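Presented below are the structures under discussion, each in the form of structure tokens.
Shared between the two complexes below is chain A, which has chain B as its partner in the first and chain C in the second.
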Partner chain A sequence: MLRRIISLFKDLFEDYRFTVAFIIFSFLFVLSLLSCISPYDPLRLYQVPRGLPPSLNHPLGTNWLGQDVFWRLTFAVKNSLIIAIVTAVFSRVIAVLLGIISGYKGGWLDRVLMAIGDTTMVLPSLIILIIISMVLKDWARSFFNLGLLLAFFSWAWDARVIRSQVLSLRERDFTFVAILSGMSTIKIVWKQLLPHVLPVVFTTFINNMAWAIGMEITLAYLGLGIDPTIPTIGTMLQTAIYRQALFLGLWWWLATPIITAILIFIALYWLSVSISEYLDPRARFQRIGTKR
Partner chain B sequence: MEKILIVKNLTKIFSIGSLIFKTRITAVDNISFDVKRAEIFTLAGESGCGKTTTARIILGFEYPTSGEVIFDGKPISVWRKKRKEFMKRVQAVFQNPFESFNPLLTIDDIFFETVRNYRLAANHEEARELIEEKLKIVGLSFSDIYGRYPSELSGGQLQRASIARSLLSDPLLLVADEPVSMVDASLRMSIVNLFAQLRDQMNMSIIYITHDLATAYYISDRIAIMFRGDIVEMGPVEKVLIEPKHPYTHLLCESIPEPDPQKRWKKEISIVDTEHREYLRQGCKFAGRCSKVMEICKKEKPEGTIIDGVFVKCHLYDDSWRK
Partner chain C sequence: MSFIKGYLIPRLIQYFVVTFLGLTAIFILPRLLPVDPIKQQLEQYQSFGVYIPPEQQEEMIKTLKQLYGLEGTLWEQYMNFWERLFSGNFGPSFSRYPIPVTQVIAQALPWTIGLLSITTLLSWIIAVIVGSIVGYHRKRWMEAIDVIVMIIRPIPYYVMALICLILFAYIFPIFPLSGGMGIGRKLSFNLETIISIMRHGILPAFTLLIVGIAWQFQSMKLIVQAVRADDHVWYAKTAGVEEKKVVRNHIMRNAMLPMITQLGLQFGTIFTGALITEMVFAYPGIGWILYDAIMKADYNLIMGIMCISVLAITTSIFILDLIYPFFDPRVRYR
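Right, the complex of A and B next:
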């Protein structure tokens, strides 16, 4: 088992995109872990002299509110990743359940579920998210609830992808053999079909995380979603812009969340691209062919 | 002899297209036959003639549009509610051995699954013995499949494993859907012989679906020739294949190659109609290709008649329209 995992990573590291993404991601992960040993409370103001440029004591400088930007960033990365993971987990659960049910059962149930999915797909999600987070301002302030809200708008595409896979899997002979061997429907889905669907679930999980982080930034920029005093990448950016960071000449205050967001997007995008390419056997053959 | 399976006026219609532009294809058109205990019954015909659809209806994977399938005295709609008991008595072998096993699971997994679900053994040891015994029938051993993935075995081994799995629950009826078409010639004979052995020693009834008339002639007791969803000729295999009555059966028998280098095929066989148009044809569906076609063939569907123990559906043998 261990050897298989090692050889898997060896194959993956041959792709420079995976290597870069992996390095960025482990860096961000360490950053978010560092938040546990932060010397400053992320919510309190005026703990350090304000407006200091980057130095040894304050690696990314301090902002106009007397907060250390580096230690604030550690909380921001952690919180943004939590939102992203909550969204991705919930939307994956919904997508896998509904995708498999509608693909395997078919008939009117399939039509009803896919009609619901199509409806959420064509809804202008940004506008509705803005309206909901305005109306339910207090409710949408917790990470968990915001994650749920974002999950509701992102399951439909992937449910369709999973459904189409299940549709073709259930017509394959081994599914019929499983029926002939007396397996119950739930067991067939769990044991025979789910392993085939997992690669898709995995890659869409990463894509969904990127989408959720982007959405959180968008909402925070508009002053919605998470409480602006709680650091996330979105609220850091919003505070910096709102407090005229550029006008005050505090470029490090504004640049930190922007560069972090760019790094996260690049890392997530390259992760999903390289992994889905690795999982696609045709692309793998191509890679082997071009190696020599 | 006891009839284990009775198929009565079975019809299956597939609708293709949307609500407005709908074509209805009659994949199985009002067929009736029965399978007796300890008998090999062959369904033969070219590809796309409804053999597999018939098999899938018998197995309960597909709902018939109309008609009845009665297995062991009870209609299939009753059996469907007791699916597990039904599947224990009716098993199937499919055409493609590489598709019959889940590529992500080991082969022994589905064997143990079958044993566990049908409670065929009290414990793991007994299960192993049972699996070993069934694998021995097909000439494999437990170590051949234990912990192996389907990609590690050859097609012939997989097909034999697939047959062994279907034998685990000692079924009354085995539906073999082109079981030898993807197996090489040397194995083909041993699998076909295995079916004969199952019939003789275990009193198993087998529905053998094939397009290969040579093996059909070799093992089956009775044969039904299907064409475009219809059974055109049915009877004891010696009578049907040695003295074919229906022009389509003639055509089929002529196209069996003979091991004689001097012998040439008599004529070029051209397919005049597309499959789709043949399915939608009025009257006899073979009329477009038939060498003995008459006016009536293009207008009316022939009724079945029984001539010297053989059921034939052709206007040539049915005199009622002449009057």
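Right, the complex of A and C next:
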């Protein structure tokens, strides 16, 4: 088992994108762990002199509210990742179930499920997210609830992608062979369809995490979603813009969340790309260089 | 005939069901907003120092309710809503009082459509062409494009727009910070106005373009790479079909299907898709107005914009579904 894991990572590290993403990710992970030993309370103001540039004592400086930017960042990374993972887990479960059922079964069930999915898709989700998080302002303030809310708006597209894959998979020869040789439906789904769908699930899981973090940032920009005093990447950015960090000359206050956000998005994306290439044998053969 | 019976009619039913559900959801959602629009309106009058005696206040609330389609039970309101929808009259806007909603939308729509249709189409065409070239040929210098796209692509639109705004309007003040044209300018057809509109439009268009191109280039490239390794391409090559023809007929045609889906869906979202762009750049289009309407609980305006957007998206999905089989012979419907 251990040897298999080691050889798996050896294969993955051959891709420079995975290596870079892995390094960024472990860095972010350590950052989020560091929040446990933070010397400052993330919610309190004026604990340190305000507006200090980066120095040894304050690695990323302090902001105009008298908070240490570095230690605040550790909390922000942790909270943003929690929201992202909650969203991704819930929406993947919905997407896989509905996608496979409606793709493989077809008929009226397919139409009903896709009608529901299409309805959540045609509704302009950003606007509705804005409205809902205005209505349920207090409810959407906890990480878990915000994650649930985001999950509800992000399954439909991926379910449709999975469905369209299953649609074409069930027309392929190996499915016919399986049906003709008397395999039960559940076994066909499990053994023949799921392995083909899995790369999509993995990569969409990571993409969905990225979407959730991006959505959190967007909502925070509008002053919605998480309570603005709780540090997430979105609220850090929002506070810096709202308090005119640039005009005060405190560039480190604004640059920290922006750069962290970019790093997170690049890491997530590169992870998803390299893993999907690894999981999809066709793409993998191409990379190694063996031609069929 | 079997096409109409087996394919067109189910799609048509589905189209109407989805549109119906979407529009109903739109009717319900603004009614959940925590702000009472009538109370807000009255408070606004009172804040101007107008004294309204109680019996007149009653009268006023009644008139306002009538104007905004808020009278009667929820069911009556709902019927009223459909009536208004079919007559294309959404009533007056709350926040810009006597101006009707349709006029507010009509004023903002050209800005949004002008900006988005150009950027959507342009980014799609560039992405499809460049994506298929890079996906098919694998040369050293093309890897550079790939790496650049790999860095740009994951950055969400809002962060990208913010970076561009800080870079090109604040640090290097080349472009104006906000607005659709110079302040105090009237819409007219002279050179100066057009230049001003262009100058204000370039930065939002630029951000939309890079994000759009990076996004679609990546998928086009990946699809082309996948299709290139398919059996039928290999077969066509062995059969001695010209390389140009292989690319055009055997690879591009297969790879186009998801790309056409994307284009169609994007055109559907044009009516509301630019919410963030317009907010970041204060561009006077639909998104800007919609945000304003949400903040001021302007029922009629929210309703009008969302109805148009739902109709646009469902219609584009429907049209997409209809043209699917013509593009991809592999997809069959039962």
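Heads up, the rule we're going with is that the second predicted complex is superposed on the first by the 253 of 292 C-alpha atoms of A that agree within 3 Å, B and C clash if a C-alpha of one lies under 4 Å from a C-alpha of the other, contacts with A are read in each partner's own complex, and residues count from 1 in each chain.
Heads up, the rule we're going with is that contacts are C-beta pairs under 8 Å (C-beta built on N, C-alpha and C of every residue); 3 or more make two chains touch, one makes a residue touch a chain.
Just so you know, these numbers come straight off a predicted model, no measurement behind them.
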Which of chain B and chain C A:Val86 touches, first, second, both or neither | neither
With the two structures laid over each other on chain A, which partner does A:Gln192 touch: chain B (first), chain C (second), both, or neither?
-> first
Contacts of A:Ala178 with chain B and chain C, given as first, second, both or neither = first
Touch check for A:Met114: first (chain B), second (chain C), both, or neither?
-> second
First, second, both or neither for A:Ala212, with chain B first and chain C second = neither
Comparison of chain B and chain C by chain A residues contacted | C
Go through the superposed model and pick first if A:Leu60 touches only chain B, second if only chain C, both, or neither.
-> neither
After superposition on the shared chain, which partner residues are touched by A:Leu246: those of chain B (first), chain C (second), both, or neither?
-> second
Chain C-contacting residues of chain A that also contact chain B = none
Which residues of chain C touch chain A in their complex?
-> 10, 14, 17-19, 21-22, 25-26, 29-30, 32-34, 150-151, 153-159, 162-163, 166, 170, 225-226, 229, 234, 268-269, 272, 275-276, 279, 290-291, 294, 302, 306, 309-310, 313-314, 317, 330-332, 334
How about chain A: which of its residues touch chain C in the complex?
-> 17, 106, 111, 114-115, 118-119, 121-124, 126-128, 130-132, 134-135, 137, 167-168, 171, 210-211, 213-214, 217-218, 221-222, 237, 241, 246, 254, 258, 261-262, 265-266, 268-270, 273, 282-283, 285-286, 292
Within their complex, chain A touches chain B through residues 172-174, 176-183, 191-192, 195-196
Interface with chain A, chain B side, in the complex: residues 59, 61, 84, 87-88, 91-92, 94-96, 99-105, 110, 113-114, 117-118, 162, 165-166
